[in-house]
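Below, each structure is written out as structure tokens.
Two complexes come next, and they have one chain in common, chain A, joined by chain B in the first and chain C in the second.
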Partner chain A sequence: MRAIQGAIRVQFEITRHNVMDYYWMLLIPFFALIFMAVLVQSGRSDLLAYALVGPLLVGVGQMAFYVASEVLSRDRETQTLELELATPAPFALVVASRTMLLTSAGLLGFAESWLVARVVFNETIEVHHAGVLVASLVATTFAAAGTAVITSALFSLTRSARSMQNTVTYPLYVLAGVMVPAAFLPDWLEPVSKVIFLSWSADLLRDALSAESVNDFAPRLGAVLGLGAAALVAGSLLLGRMVDHLRHQGRLGI
Partner chain B sequence: MIAVATEGLVRTYRGRDKRQEVVALDELSIEIEQGEVYGLLGPNGAGKTTLVKILSTVLLPTRGTARILGHDVVTETKTVRRLIGIVFGGDRGLYPWISGRHNLNYWAALYNVPGPIAKQRVDELLERVGLGDRADDRVEGYSRGMKQRLHLARGLVSGARVLFLDEPTTGMDPIAARDFRKLVGELKGEGRTILITTHDMAEAEAVCDRVALIDHGRLLATETPRGLSRLVAEHERIDCEDTPEDVIEYVRGMIGVASVEARAEGGHRIQMGDSEAVPKVIKVLAEHGVASINTSRPSLEEVYLRIIGDRGLKV
Partner chain C sequence: MNTLRVLRYAFETGWAEFRQDTWPPGWILRTAAQAAFFAMLGQLLDSPERLEYLVIGNMVVVGALATAIAVPQSTWDRFEGTYPLVVAAPSSILFPTLGRTSSRLVGAFLTSVIAFVILSWLFTIPRPWPEILALVPLLALTCFGTYCLMLFLGAVANYRPNVRNLVHNIATMSLMAFCGVNLPVSYWPGWIEVIAHGLPITHGLLAVRELLAGGAAGSILENAGLELLVAAAWLALAALVMDRMAESGRADGSIEFVG
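And then the complex of A and B:
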């Protein structure tokens, strides 16, 4: 517990002093502006909630793939990595706590997008199912943090994995139905969407902002949490491999 | 009780071309008593840091065993990690964007030091290393010496019983280095065991109970600081200029003179084999009107070469 506390606190302090860590959050209102402008101009203000969910999840995703994924690379640069490994704290838990804090910063995208709708378009996006919204946001943050543990380890092990940041993230958002619901995509893409936690998150968040009742909430939330847990386990195994490699070879990188 | 023990420790790496095997530690066996300050002295690449990494559990040995307070570093990793503290030299191992206090708080948490104890310990350590006034400033604004002192505090924050200090005074100014030596004395007084690696012979002499000379991963000798001084003194040399050839021949035959060689830059170097003969040689040179006489002690590397030559790589 002390290790989790310490990890979150130190990451908070590091991020507080690194303006570039907020970079993506500064872009979120502009994403929201584009999506919402299209809907408002086409007379579909009723779909503004869709335009809120998109930038929100892009914010969480970018914090996970671009900021939280750099946690280990940054520790390598400061040469704190080996010292962390020499402590009795479970390393995967420390990394996961730190990625969790960073991905949770992506939730600011909700407030940013909501304010864009209110201030720029004079529209109020209502939250019809607050419980569903909160639970979905927490589960999404957890799943994003788990995914960031994988990418963080990958970026430390091999430089080529870094190309994933640029080539995979945006297609991932499209496949996950972050921009438009996955149901609007060709049927054959559906199996792909289902294994991406963001697709379940996006549907749940849209339902939380819709006046209609939310069906199958628990299993859908379970899907987000399950995929997040699977990512966390995979990330922990990868971290274990990274540590083994370091202890055997005396250096990181494969 | 033995605090640190290695037996036949071997560590090899694959070289850059993957085919060549580089031996970093070669059958290294040492024993450090609890409460002892043990210096590991050697040039860069001697294997000092490799040994510290193995003892710190971040590197696995290729062969052999290493134990900390009886616990094996390979099979009882978690227990060992609770017992040790590590300090690297220079400004490595700190987050520059946050304050010294936040850095220490983080490490205290990773060592599972309970909150109230951690707070008190961090305050005490910051005062102890002279950073109390700058505790809440960001580390990137610290001087190199301040970062090193913070790093030292970092290594102590766990309350470790065994400390590994890897070239901790590298780049420290003389006053900070003196304070550091005083601190090592205090830590020894608290019963902690300290393994300190350095290539500064004066530092080793000042703080260590015993000093081991290491090169190419092999232990060359283990001496008390007094023994080390004697070792160096034995290899003292005298440089002289404009010395008549008959005087050189006379000196060459004196007891305690190991060799006399002409120097490329002019003059001769008289290599001593016994420090007690030095005044006698100087007296002879002065009596024969040699005006330019300089005595000097060899560098550590030169002593190594002597030891290797004298002992044929045997401890």
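And then the complex of A and C:
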């Protein structure tokens, strides 16, 4: 527990002093503004909840892929990775706690998008199923943090993995139906959508904001948590391999 | 002659960086997905007209916005410690910056073309022949206009290099929101509309929309001319700010500091 607290505290202090760690959250209102303006101009204010979920998940995704994924490569740059590994705290737990803090910052996108709807368009987006919303947000943050453990290990190993950072984000958002449901994609892409936790999260969050009852809540939430747990396990194994590889080559701090 | 040599060497540096940063298959995938991400709103609205509007806007803007890398790139000399050397050189700082960042202009133009080819095929956007050939200079012009704005912002970002990414991302999101990409400029309040007419993309994109809709050549040329005028204004401003930045850095000794 102390290791988790310490890791979160360290990451909070690092992030607090670095605008590059949270600038994505300053951009989320622009996403909400664009999506909501298109819907309102087209006379479809009834779809505004979609324009809240989209920017929210883009925020969580960007925090995971662009910020949380950088924690280890930044540790290597600042030569603190060796110190981190020398402590008795489990390394994977420390990394997961740090990525969890960063991805949870993406949840601010909910408040930002809600406020854009209220202040700019004078529309109130109602939460019809608060329990579903809270559980989905927590599960989404967990899954994003687990995924970021994998990418942080990859990015710290090689610079070429960075091109993946720019490549995968938008295809993932399209395939996951973050803004426009994946049902609008060709049928043959459906199996791909199902293995992306964001697609389950997007559907659950839209349902939480819809007046209709939520069907199959538990298995769908389980899918988000299961994909997150699988990512976390894979990420922890990858971290171990990454550390062994760097130790073997004597490049931990280089 | 010397200026040309400076431009050439700087371009070669920028081109090497561009090749190192870019993985073509990933770049094509991202380009198409980014444009589709916004354009698919038209499918959600179940409106062919809205879909066409969104597709055209986003396939043009995705290339133009690829020039935004010129903002952080203009500050890289600060981080690499080479900025004082560039300022101390007898050439104006404008030319090495132009040469180094213009490599991204080539990439941006190609991005626009690729986005057009993929998205017009995916969403069956009209491609009137031979009028479609005029799309090539219009896409190049829109990319150039955006690049000039990014050069200006890059010069300003040199005052606070640590916020370079924030600057270029706010700029790109603002252009996407207010310049007629996803909805007409006239949707916004009058004061935003006035500002939008002084920004790149607004007129170039209008020209592209008119071209694809079979509009009159005179109107297309007028909008292209306005886009060029806007580009020239931002380029002139960029040149002014760049030199002032270098001079003030030399005067107060902050030239070697980043922060």
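To be clear about the criterion, the second predicted complex is superposed on the first by the 251 of 254 C-alpha atoms of A that agree within 3 Å, B and C clash if a C-alpha of one lies under 4 Å from a C-alpha of the other, contacts with A are read in each partner's own complex, and residues count from 1 in each chain.
The definition used in the following text is that a residue touches a chain if its C-beta (ideal position, glycine included) is under 8 Å from a C-beta of that chain, and two chains touch if they have at least 3 such contacts.
No experiment lies behind these values; they were computed from the predicted model shown.
Of the two partner chains placed around the shared chain by superposition, chain C is the only one that A:Leu26 touches, whereas chain B remains out of contact.
Of the two partner chains, neither chain B nor chain C is touched by A:Ala130.
Of the two partner chains placed around the shared chain by superposition, chain B is the only one that A:Ile14 touches, whereas chain C remains out of contact. In the superposition on chain A, no contact is made by A:Ala218 with either chain B or chain C.
Listed in rising order, the residues of chain A touching chain B in the complex are 2-3, 5-7, 9-10, 13-14, 17-18, 78-80, 82-89, 94, 246-250. On the side of chain A, the complex with chain C involves touching residues 19-20, 23, 26-27, 30-31, 33-35, 37-39, 41-42, 44, 47, 50, 160, 163-164, 166-167, 169-171, 173-174, 179-181, 184.
Across the complex, chain A is touched by residues 13-14, 50, 53, 56-60, 78, 81-82, 84, 86, 88, 92-99, 102-103, 105-115, 138, 154, 158 of chain B.
Those residues of chain C that touch chain A in the shared complex are 21-23, 26-27, 29-30, 33-34, 36-38, 40-41, 43-45, 47, 50, 54, 162-163, 165-166, 169-170, 173-174, 176-177, 182-183, 187.
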